[in-house]
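Across the two complexes that follow, chain A remains constant while its partner is chain B and subsequently chain C.
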Partner chain A sequence: MADRRYTKTHEWVVVDGKTVTVGITDFAQSQLGDVVFLELPSTGRKLALRESFGVVESVKAASDLYSPVAGRVTAVNDKLTVNPELVNSDPYGDGWILKLELAGDLPPDLLDEAAYKQVTEASAH
Partner chain B sequence: MVDFGGWELPQQYTSIRDEHFAVRKAAGLFDISHMGRFVVEGAGAPAYLQRLLTNDLAALRAGHAVYSQMCQEDGGIVDDLVVYRETDDRYIVVVNAANREKDMAWMREHLSGDAALEDHSDELSLIAFQGPQAHALLPRGSSETEDIPYFGFRPGKVAGVASLISRTGYTGEDGFELFIASDQVGKVWDAILAEGEPAGVLPAGLGARDATRLEAALRLYGNDMDETVNPYEAGLGWTVKLSKGEFIGRGSLAAVKQEGPKRSLIGFKTAPGDIPRHGAAVIHGGRRVGAVTSGTHSFFLGHPIALAMIEVPSFPVGERIAVEVRGREAPAEVVKLPFYRGSARSAVAPAKS
Partner chain C sequence: MPYLVHSEEDRASMLESIGVQSMDDLLVDIPQSLRIGSLDLPDGLSEYETMSQIASLAARNRVFPDRLTFRGGGVYRRFIPAAVAAVTSKPEFYTAYTPYQPEASQGTLQAIFEFQTLIAELTALDVANASLYDGATAVAEAAMMAHIHTGRNEVMVSGYLHPEYVEVLRAFCDGRGIKVRKGTEPGPKTAAVIFQQPDFLGLLVDAKTLTENAHAAGALAIACVDPISLAILSPPGEYGADIAVGEGQQLGLSPSYGGPHVGFISCRRELVRRLPGRLIGIAHDKQGRRGFVLALSAREQHIRREKASSNICTNHSLCALAASVYMTYMGPKGLRQVAEVSFKRAHVLAERLAALPGWEPAFPDRQFVNEFPMRVPKASAVVRKLARKGILGPIEVQRWFRELKGVVTFTCTEVNDARALDELLAALEA
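Now for the complex of A and B:
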């Protein structure tokens, strides 16, 4: 498995060749609280970098999801329709959200674990 | 942690879903010490409270509590509160955290006769143990509670600690609110959790408190009503006793009752995923008719529920309406209140939508 990288808007990506798996981070799910619903795009949709592609509804609030890369949606995690709480219980595993076919290069501003940790520590207080 | 009326309170200890189910199936333990606790004392206390509040305090016997509104002259609600009559001339008044200072100022301003008013919020802590099994799951060293009536209270012991045990709550479930000296309350908290854990007792945060109170259609001051809303509009006309004699707001409230309220608080449900949030527009016949006052996803019922203030006298149960969710109109259906009737022995609010 390749390294996980992060965005300032609390999405994560794992890149395997041209395939990019996207989810939200453990910090994001803990801030959102119990996730009850996700509004997600259909496969085939083309997403621009940082385009809003869906919404996570938690008990507390609705939050937009932003595409960490530009690409075409090749898969959506159907399990989340029935079990949205997978985003809480396993954000980096069964709680993945989308798979994209990367268009072009990875954006240069994706964060590594240490840099993302600094972002979360700054926003935690 | 979230800010709630100036207090840092946990939204959840573990998970809102798990805590919510604990309250509905076993029991949950809430720290509600953020709520204001005032003591009103003196020979003039009964007459003072009778004039200050909308409900009939003359009918309240020692050892019993009553839910009431405190209104302005124009009928707008200053706060909703629970009054506990300890003795003939001593009462505890429990008010909303965010209104503690406002209420104290209002109550001081209207203080009359031989009555003293003091804020005891700091030395007296308040925890709530709520759920269908709360009675059975009180820890060892607790007084007998089965014969305490709903909205009754008495001094006793919980886990060996002196407590005022009140059969009241804000969840729709049977259970207790416990007034305990602040230097002793930790011991009771720990004992309830330690002994209740095998039976499914969990500490419960604000998230579970909001979900359970909303399912029971118990109003939240600041969301469902405020100074611009009168008790009839909030569906709380049953707490206004116009026949009891003079009280602050009586003239205005009598006029509202005579003419009928021009707007009303209704309950509705939506499809899973369409969570109506506070402030969202409520639409009927292509027209905006009001706004959501409280909304959440009910894990227990399996769909979102909401209260809304609509600018018309009422909607019938079953009426199809729409609510703005994520920038679009989501279908919704008016339902009977409360959304869920728990194990509480008698309803705090009569069934009324």
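Now for the complex of A and C:
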């Protein structure tokens, strides 16, 4: 998807008007291994840019999730409560995590696919 | 027989290989002014001499028999069936330290799993951990769970929670910037309402209302409970408490000068990822064989680091095992009998004490299980007088609570037989 953008902390965003969908990247899920649980905020919560909003727990680690934009949580992917493995099997589709209503502008440092690829290649070494 | 593992030659060879002349050379960084010249220690003793000396020191202890002990306050004399020690003294349990390859120690894990199951059943909550150190730290750990779960920075202590538990709670909260407030009206900043049932004085509190008020304010309700009393009282899960904690000493452990004992903690399923400490689950392998395994490890500090709700890494596992054996051996019926006998004896005692001139129940309208407060003339004199007659009398609670001047709390359990009650009354009337 052309308009998908990324953060250095391995979240992705897709922007549709004021609505921002957030997930974790394919690289992130492959590094984490089998995801067994996600701790997610409730809808309505306001998140600052780069605020820690939850935890993704895999069989080998627990990692914080950071908000890629500032905004208000409008939806949480309920399917992940029962099927957290969707984050592994379909990180850019059914494995989405949150929808936010954007507050202000998009941060300037979101990465495009090529730039994010450089980040993952650098961290793979 | 040498008691020190290193001989003079060993030491000389070690000093030589690191290139120093003497042990003192290892201490050059410590200024002379901070060093002790020599210790004034007596000469060594033979084993026999040592034992004699210790025995004569021990003989100076004042030991009150269980049946003539009427003091509780969080630690209680109860009958401990021989089955408890028979199991806990098995070397497989007794000598093993925390297994660091846990799945290799199926017996240990099964014992922990059973402890968890028993505590969850007793408190009527979904899940219990492998145990904590004692009742005090269990209260504090529960408060940390509530703080992280709600994101709020205040915990409210309602009513007479054990004052030493409150001290430990404060110690935990200070470091995390959490306020400990006493009161009964939780607000929007309150993470949890903590109450004790029965309370420190032995009195029953309105646990249901306290729980409902906590929930109405968006706070969690933490019930600190007496495990034996749960055989006859409504358990925390039944009145809606989110977390139950308590001291498990009464479940097969001797008072032992105040420890080691065992704390327990259980909670609703939704809070399990905030639960501190080790958690054992059951899994099945590909062939369908049962195995006991560490469950939800990613909650724990070694993985979640500073985001974990607790940095507790261990527990008093042998004490937890004793509690498991006790509960299993007694069964629901046995526990109920213990609770009922204690209840009856305590109520007989309360009635007899109230008939003494000048004595009266401190809270005549309140109910109790097996510990109760009396208002008495000259509380300190009463305690001293009883001690002279070989009876460990009540606790003077004004030591912690100024408003309770002249109030003492008596405790009765199944070990205080009818004759012991007569002896107590005779001593007080004399």
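Just so it is clear, the second predicted complex is superposed on the first by the 123 of 125 C-alpha atoms of A that agree within 3 Å, B and C clash if a C-alpha of one lies under 4 Å from a C-alpha of the other, contacts with A are read in each partner's own complex, and residues count from 1 in each chain.
The rule is simple: a residue touches a chain if its C-beta (ideal position, glycine included) is under 8 Å from a C-beta of that chain, and two chains touch if they have at least 3 such contacts.
Every value quoted in this text rests on a predicted model; they were computed, and no experiment measured them.
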| item | value |
| --- | --- |
| Superposed partners chain B and chain C on chain A - clash or fit | clash |
| Partner chain in contact with A:114 - chain B first, chain C second, else both or neither | neither |
| Partner chain in contact with A:62 - chain B first, chain C second, else both or neither | both |
| Chain B versus chain C as contact partner of A:88, first or second or both or neither | first |
| Which of chain B and chain C A:34 touches, first, second, both or neither | first |
| Candidates 127-135, 217-225, 343-351 or 415-423 of chain C: the single one with C-alpha clashes against chain B | 127-135 |
| Residues of chain A that lie at the interface with chain B and also at the interface with chain C | 36-37, 39, 55, 57, 59-62 |
| Chain A to chain B touching residues, read off their complex | 33-34, 36-37, 39, 55, 57, 59-62, 85, 88 |
| For the chain C and chain A complex, residues of the former touching the latter | 273, 298-299, 303-304, 307 |
| Touching residues on chain A, where the partner in the complex is chain C | 36-37, 39, 55, 57-62, 64 |
| In the complex with chain A, residue positions of chain B that touch it | 11-12, 15-17, 207, 211, 272-273, 275, 277, 296-297, 299, 326 |
